[in-house]
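Next come two complexes built around chain A: one with chain B, the other with chain C.
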Partner chain A sequence: MAETQALDLDLSAVGSARVVTSAFKQRVESMALGTAVIVLLLIIWELLPYFVSMKQGTRLFFTVPSRILATLWQMFASGSIWAPLGVSATAFAIGLALAIAAGLPLGILLGRSNTLNAMFDPFITAFNATPRLVFLPLLMLWLGIGVWSKVAIVFLGALFPLLINTHEGVRNADKLLINVVRSFGAKEWDVARLVVIPNSLPFIVVGLRLAVGRAILGVVVAEFFGAQDGLGVLMVRAASSFNVDVVFAGLIIFAALSLIMTGLVKLVEERMNRWRPQRAATE
Partner chain B sequence: MVPYIHARNVNLTFRPPNRAPISALDGFDIDVEEGEFLSIVGPSGCGKSTFLNILLGLLKPDSGEVLMHGKKITGPGSDRAMVFQEFGLLPWRTVQNNIELGLELKRTSAAKRRTVAERLVSLVGLGGFENHYPHELSGGMKQRVGLARALATDPDVLLMDEPFAALDAQTRDLMQVELLRIWREARKTVLFVTHQIDEAIYLSDRVMVMSKRPGRAKKSFIVELTRPREYEMRVTPEFNDLKLEIWNTLKDEIVV
Partner chain C sequence: MAAQDLPHASFIERYRNAVLGGLAVLLFFVAWQALFLIVPFNPLFITKPSLIATGYVDLLESGDLLHDLAVSAVPFFLGLFAAVIVGVPLGIVMGWRVRIGYALDPLMTVFYASPLVALAPLLVIFFGVGTAGKTIIVFSLAVFPFIFNVSSGVRAVDRLLVNVVRSLGGRERDIYLKILFPSVLPYIVAGARIAVGRALIGVLVGEFFAASEGIGHAISRFGDIFAIDRMFACILTVMVIAVVLTEGIRWAERAAFPWRVGR
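So, the complex of A and B:
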């Protein structure tokens, strides 16, 4: 018995090692290809003014990567970027944190209790079907154009993907595993802790990824729509004075923030998924 | 004297929403001695697993009495543990942490849990796999973990719900040998549900045949083979006679 097991295990280890190397090679190759395309496009963009003659008016709205980079550098070097960035980041962080703090427990409660689910499901469905940005004028009226209307819109945007995904994950919790822990004397809280929450983590992470996107969108739109301060406000003001470099700089900062946040979520996901089979295949 | 496990006139009807009620057990009786290895065979859906779940405390019968040590079973308790057909290991826990599950829920100290897990890991022959995750194990190894987990809380009764049904035939034969070895060391009362008559005879002191749904006890057969059981016993005339006898009792109940 022990012998056959050892043999089985060795074979599977060899197989998975081979899969890992080829997956790694593939990843490096595809990363190299992706980078090459970006670099090529940037070079074409940079050289465009040398090949295409532009009218005076068009040139006003046009810029090249090197100038955007210089503007970005200047913004960070002078420190002028930190204040608006801080304002936007604060609204984002508070709104997302509140959405997580409310969405996860609510999702678990609704998923575990048929009564609560029956009570709130129609409400959630209706709310989720409505684009949350339509609440923005109302929120601004109620909360003003300071940080709290932004926090509210970020919260509303991020809450539902978290709530709905958590709920879905909890609903899908493995009945057998629930019976297993119950048979060892688990109470409702133990069932949640030992089975339901770990079982719904993949769903929760998907919800988190969506929530991050919605939260950033909330910040941007709220600041475009009318706010006192923030990165979005900076971009709108720059655009109205034809300062294309600053608009692009803001765009790049938002893009970078989104990428960083998505990367963080992915990191969390990978950390939690250590127990999962075939990690290479899910890449 | 009341037997160790004593069930009389147990009735349970499932009432799924929007469908006709299903009577799973109807007047089911059983007595089990302390330390006995009892197998229950019966046609699919006859309520074998239902009865194990009642004993485990996860299901409540509509009527009838189910006693253990002369006391009514009211819910799960650490004097009983189940080995599940589909293993039921928590996939995000290592072998060691799966084995410690029941002790953790009993609020046993980490040091004590570790000692118990170490002993059981070696008892079920999983040395070196303590930190593996279930997906890294073969089916046979998974069920060894399931067995170790059930033994960890040191229950008096081991309930086994077709524990080897998900394993291939050879692994199954080897797991039967292993189970007998572990049973000899751990000395538990075992209720073992299976579809395989061979398996039931080879392992048990007694084999009980159940009727088709709604399930009731049809007939019990004492297995006279000596212990320890040897694999060769499976080809002796006594073994085959008993197998035929059980099959003849069982076959009328099977609806194809």
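So, the complex of A and C:
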């Protein structure tokens, strides 16, 4: 996916004769084209009502970018957005923190012990393949429709990318280095501290990036189906009262948060990978 | 791990991981069943494996489970099919025509990164609670893994092959049919593995929202009436289906494209 893509881009840049023009020119062209398409689509969308006549019923569902932006602006200006956003952010932060607290130690443990790994493998495979959404009705039954069922969904979504990537990073640790440290009398804890954890950090960061995306998705769906408060609830209520602007405004907020946070993690990732010859694997 | 490579390793050694995994699953269910010998059992809150098994038999005998699965399968496969039909050609073109790639990549990235599930309420209102609404949700979630995987597959194509085809007088169409399409096949399968998970989310979201049948609806209805045993039976069914689909595709990847293993 995105990772292989980045890798392959380098290859094609080297391999193809088409891309011998300066990298700067190429970057400008790619940015200009990409922006132009988005702007063009927005303009077409904006002008659509002037060209296409719509039935009364369809107009109920229809909105244009300028109205969405106005709604978005109004939500921030009046401050009405902060309360639901805060509720969603709380569930997101608690769930992600719990997932990190549980996923990293468990990943290291499973990476270091073949027996434990073999025993946990069926459960990890099953939970990772299943959309966590399927547990939502059950979690609502157990935890109510407050913040905790949301936290649980976020936790379940974010746990597995972290766990699996940590495990992968630990397994990837150089056996020679481990043996050297052992020869000098290191205990299991020293092996972890000196070799295993530094080696698996880039993997963990990739896991974190995937986990952030899953966590945001978790907040959205959990709030759609069982919650009293939050940005997702706002959107569902807006949708059922045909307030389409608010739905799109919410989508934009979620998308922006998702892009910003994965972007931040990606910065850390690139910083860490700068001196590394090979990239960390994803999933 | 190493034991698997040795030809003369004993049965236990060779299948050590599978045996350990199987034992762990068995142990889990036994412990779950045994737990309620000590802890008081509250059927409104939790269930145990024996009751789940009874619930399963009920659901199978009445045919409800199979009916719900059949109802959910239609939008799932229709949406996935449409995602392949649209995603693969779009991915090939985006990967091969550099400028089209530049033009569409940011747009697609925005769509891929944004939680499109958020549009589900709107889609359900617009297209109704039936197959059409669910299919569109499934499609909009499942199409992006295909686009991105296929276009990165095209970018990884060996330029030498392209030059050979061109030197021998091949046209653009030959490049598409003889090089690009065959070489992105493994990437399509890899994309399918991710798309299947997202498609399942799409079906469930559509059915949790508003539906009168389907496996997602069954789960939330059994939850509403506190029929926890049958709810667990449905959840376990979804888990088994998800594992079979994902691991099945993984197996197909290994079997059909063995040179890609480990990438």
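In this text, the second predicted complex is superposed on the first by the 236 of 283 C-alpha atoms of A that agree within 3 Å, B and C clash if a C-alpha of one lies under 4 Å from a C-alpha of the other, contacts with A are read in each partner's own complex, and residues count from 1 in each chain.
The rule is short, and it goes like this: contacts are C-beta pairs under 8 Å (C-beta built on N, C-alpha and C of every residue); 3 or more make two chains touch, one makes a residue touch a chain.
Remember, predicted model here, so these are calculated numbers, not experimental data.
With both structures placed on the common chain, the touch criterion links A:143 to neither chain B nor chain C. Contact with chain B, but none with chain C, is seen for A:176 once the two complexes are overlaid on the shared chain. Touched residues of chain A, counted separately for chain B and chain C, are more numerous for C. With both structures placed on the common chain, the touch criterion links A:64 to neither chain B nor chain C.
Judged by the touch definition given at the top, the superposed model places A:194 against chain B, while chain C stays out of reach.
In the superposition on chain A, the residues of chain A contacted by chain B and by chain C overlap at 1-2, 5, 8-9.
Interface of chain A with chain C (complex): residues 1-2, 4-5, 8-9, 11-12, 15-16, 18-19, 29-30, 33-38, 41, 61, 114-115, 117-123, 125-127, 129-131, 133-138, 140-142, 213, 216-217, 220-221, 224-225, 232, 235-236, 239-240, 242, 244, 247, 250-252, 254-255, 258-259, 262. Considering their complex, residues 1, 16-18, 20-25, 28, 45, 98-99, 102-107, 110, 113-122, 125-126, 145, 148-149, 151-152, 155-156, 159, 194, 197, 200-201, 204-205, 208-209, 216, 219-220, 222-224, 226, 228, 231-232, 235, 238-239, 242-243, 245-247, 263 of chain C touch chain A. The residues of chain A lying in touch with chain B in their complex are 1-2, 5, 8-9, 176-177, 179-186, 190, 194-195, 198, 274-277. On chain B, the positions that touch chain A within their shared complex are 53, 56-58, 76-78, 81-82, 84, 86, 88, 90-94, 101-102, 105-106, 125, 133-136, 138, 140-141, 153, 174, 178.
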